[in-house]
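If you scroll down you'll find the structure; I have some questions about it.
By written order: A, B, C and D. Residues from 1 in each chain.
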Amino acid sequence: MKIINFAEQPSLVSQYMSELRDVEVQKDMLRFRRNLERIGEIMAYEMSKTMSYRNVDVVTPLAVAECQQLAEEVVLATIFRAGIPFHKGFLDYFDHAQNAFVSAYRKYREKENFDVFIEYIASPSIEGKTLVIADPMLATGSSMELSYRALLTKGDPAHIHVASVIASRKAIDYIKETFPADKTTVWVGAIDEVINDHSYIVPGLGDAGDLAYGIKE
Amino acid sequence: MKIINFAEQPSLVSQYMSELRDVEVQKDMLRFRRNLERIGEIMAYEMSKTMSYRNVDVVTPLAVAECQQLAEEVVLATIFRAGIPFHKGFLDYFDHAQNAFVSAYRKYREKENFDVFIEYIASPSIEGKTLVIADPMLATGSSMELSYRALLTKGDPAHIHVASVIASRKAIDYIKETFPADKTTVWVGAIDEVINDHSYIVPGLGDAGDLAYGIKE
Amino acid sequence: MKIINFAEQPSLVSQYMSELRDVEVQKDMLRFRRNLERIGEIMAYEMSKTMSYRNVDVVTPLAVAECQQLAEEVVLATIFRAGIPFHKGFLDYFDHAQNAFVSAYRKYREKENFDVFIEYIASPSIEGKTLVIADPMLATGSSMELSYRALLTKGDPAHIHVASVIASRKAIDYIKETFPADKTTVWVGAIDEVINDHSYIVPGLGDAGDLAYGIKE
Amino acid sequence: MKIINFAEQPSLVSQYMSELRDVEVQKDMLRFRRNLERIGEIMAYEMSKTMSYRNVDVVTPLAVAECQQLAEEVVLATIFRAGIPFHKGFLDYFDHAQNAFVSAYRKYREKENFDVFIEYIASPSIEGKTLVIADPMLATGSSMELSYRALLTKGDPAHIHVASVIASRKAIDYIKETFPADKTTVWVGAIDEVINDHSYIVPGLGDAGDLAYGIKE
């Protein structure tokens, strides 16, 4: 399994990450959502370098140009609700893609102990397609895994791209254990070492859903 | 209950509506989603004219200006999945707002007979706030009503704005029956007369969710 | 000549105006430019209500819908460089429009005494078309007038919409004197009473070009 | 001098290039401008990988994170009018950058013989800064060179990034001759071999300014 960590090579992603994490800057919800979108766009672009293309003769106003067009069928999946602005970034770039939405939540039994329930799924067939699953925070990796399992009811993808803004080390290990190694690529903005008793990534950035959309009751 | 129908006064909304409805133009998903966003933005702006403002002294680089800032707490609710681009338009304009997401679907028992199930809800308290519920298509109005009922578990809003791109006449009548007349305003891009056996609005535009995000399996 | 002043009816424009004017909030260039764009979008929409439309039968996936499409040829003109984000807002909404760009600057002879030079023009024919000239700040109105005169070399427009975020009272009077009263409409976010010795609007918001793009040498 | 040609590695840039070039697809001005913006965004991101960063301790809601922020002062320059949407892409990503605008045009003396005139310049000091000059089409490279010379009146940049969507082979050679080899990087979406008698790139895409903004008179 290939793990691509954007923190290893500084870029504008680093700039956006520092704004997303900053307890003052993140109060600007417009900028917070925009930074999630921009990281989604950039990950979409980096993923696109690993995809296959077909040669096409394109008629310009002056002559014929040899061009290359995306030859993979891409399905952009995300997990409600925090994933929406991040997914928007992927869709801004893969504007012809199909899309899938899944919802899952943590149901706490006690402080350190929770289950994840899948509530909602809207997905095309993913059989033989390139599946991107975008979720900004990978705390334990269990929501990602359950969403992936739910999506498997729609077919067997040719390749899986797991995309996240911040993942814990533990979540990365969990993805390695639970996703098919030969056809999964993981893309993360940063890997944080700690996950606390409430399953929050530390230092992380807080709750991405609350920061993007406001606190839930 | 006040019904504001944008079709009564031609504007750019009419232009975007004609593009959304056109069976050829709507194939461009980028433009389709963008048109839903733009109508959301414009409805947000028109709604904002009915809201209350507070006077604020703002320090400019040169002097003090008397300004007016929005004095209502706005919660932007939408219904998954078709509502996401439409909701994005509202959020582009009310960028400081809180947000609520609800999912509901039609479960057909037979051809003309279906129930609506609420699967997912993420919402702040809406007590005493201005609630906007945005859903692009109001076919029967039953999804809108059920979503509203689900949101009432989060408090009693001071005002409700129901926003839709196309509503059937039947749905408008249903909203009139089921929402509180004294504090509900309905905003629609157009009202179409017919609703067919499959509960599609005719002439309508087809399935807004499929056109924005691709066909579901 | 019709003068439409958005300050007379509070709306989201008031909210954006208060952010544009605020000496702290305006330091966020992303938000500053976005607010200019949003006011441009809203003015485009309000203008569109005054335009003419043609009835068109549009084929939907289900039937034929009577729709209305914009029947005027719109040319969106702006003045470099401060006008670019404001113009972007108009173009986001009138996405099929033609565009014109003019540059003009103030050449000071002494403190209170300056000329305006037109340096650059790129414009289609405006003969018989609807001309929008967007410039965020109307201090004296002389740049607007000179730009208009420059554009007249490209034909005689059917109607002129002068759009501005903040105008001084003096500039409004100047536009009234120098534009054809029977076919000009002026759209402003606010009218400020004072213009100082440096021809800055007070309280105004400072220099829109510097705030959007950084200080010029 | 380093030449980075995005055509050598297929990516979403290839997809956008094929849409920009296509004589049918390019008629959608909204998509045409959006594709210029997206290529600008992606080039901004790739450039950012070559820049320097400073380590910053950022306080998150939960702890302190080591982050990296851009340590170069970036000036985004463009050439009117065709450069505006391409520049918008760079500014969408380098949202804190300063900006410079230059205008230049070709004044034909006879069919194959023209001069380039600089009409307009608005620029901060570029002394010791990272200068990006973005112009979508590099036909001969002479506009780019003249714009660069005009900008040198504002100081001596530490590094120059020349960015273009399509360049002719001839223009690339001209940039190599006229820009400082030790501190210039050229970024292009494609290099086309031919430049015709009217100084159009073949196959190219036509006139980027006309396609983005409409034909000039």
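Following the convention adopted for this analysis, a contact is a pair of C-beta atoms (placed from the backbone, for glycine too) under 8 Å apart; a residue touches a chain by one contact, two chains touch by 3 or more.
Since the structure is predicted, the reported quantities are computational estimates derived from the model, not experimental observations.
Each step here moves to a touching chain, and the least such steps from chain A to chain D number 1. Although chain C and chain D carry the same sequence, what matters here is overlap: shared residue numbers make up over half of all numbers found at their interface.
Chain D has its Cα centroid 40 Å from the Cα centroid of chain B.
Taking the mean of the C-alpha atoms as each chain's centre, chain B and chain C sit 30 Å apart. Multi-chain contact residues, meaning those touching two or more other chains, occur in chain A at positions 30. Within the complex, the chain A residues that touch chain B are 29-30, 33, 75, 80-81, 84, 88, 91, 95-99, 101, 103, 119-120, 122-125, 154, 209, 213-217.
Touching chain B in their complex are the following residues of chain C: 9-15, 17-18, 21-24, 26, 38, 41-42, 44-45, 48-49, 51, 53, 56, 58-65, 67-70, 92-94, 192, 194, 196, 200-206. Residues 28, 30-31, 34 of chain A are the ones that touch chain C when the two sit in their complex.
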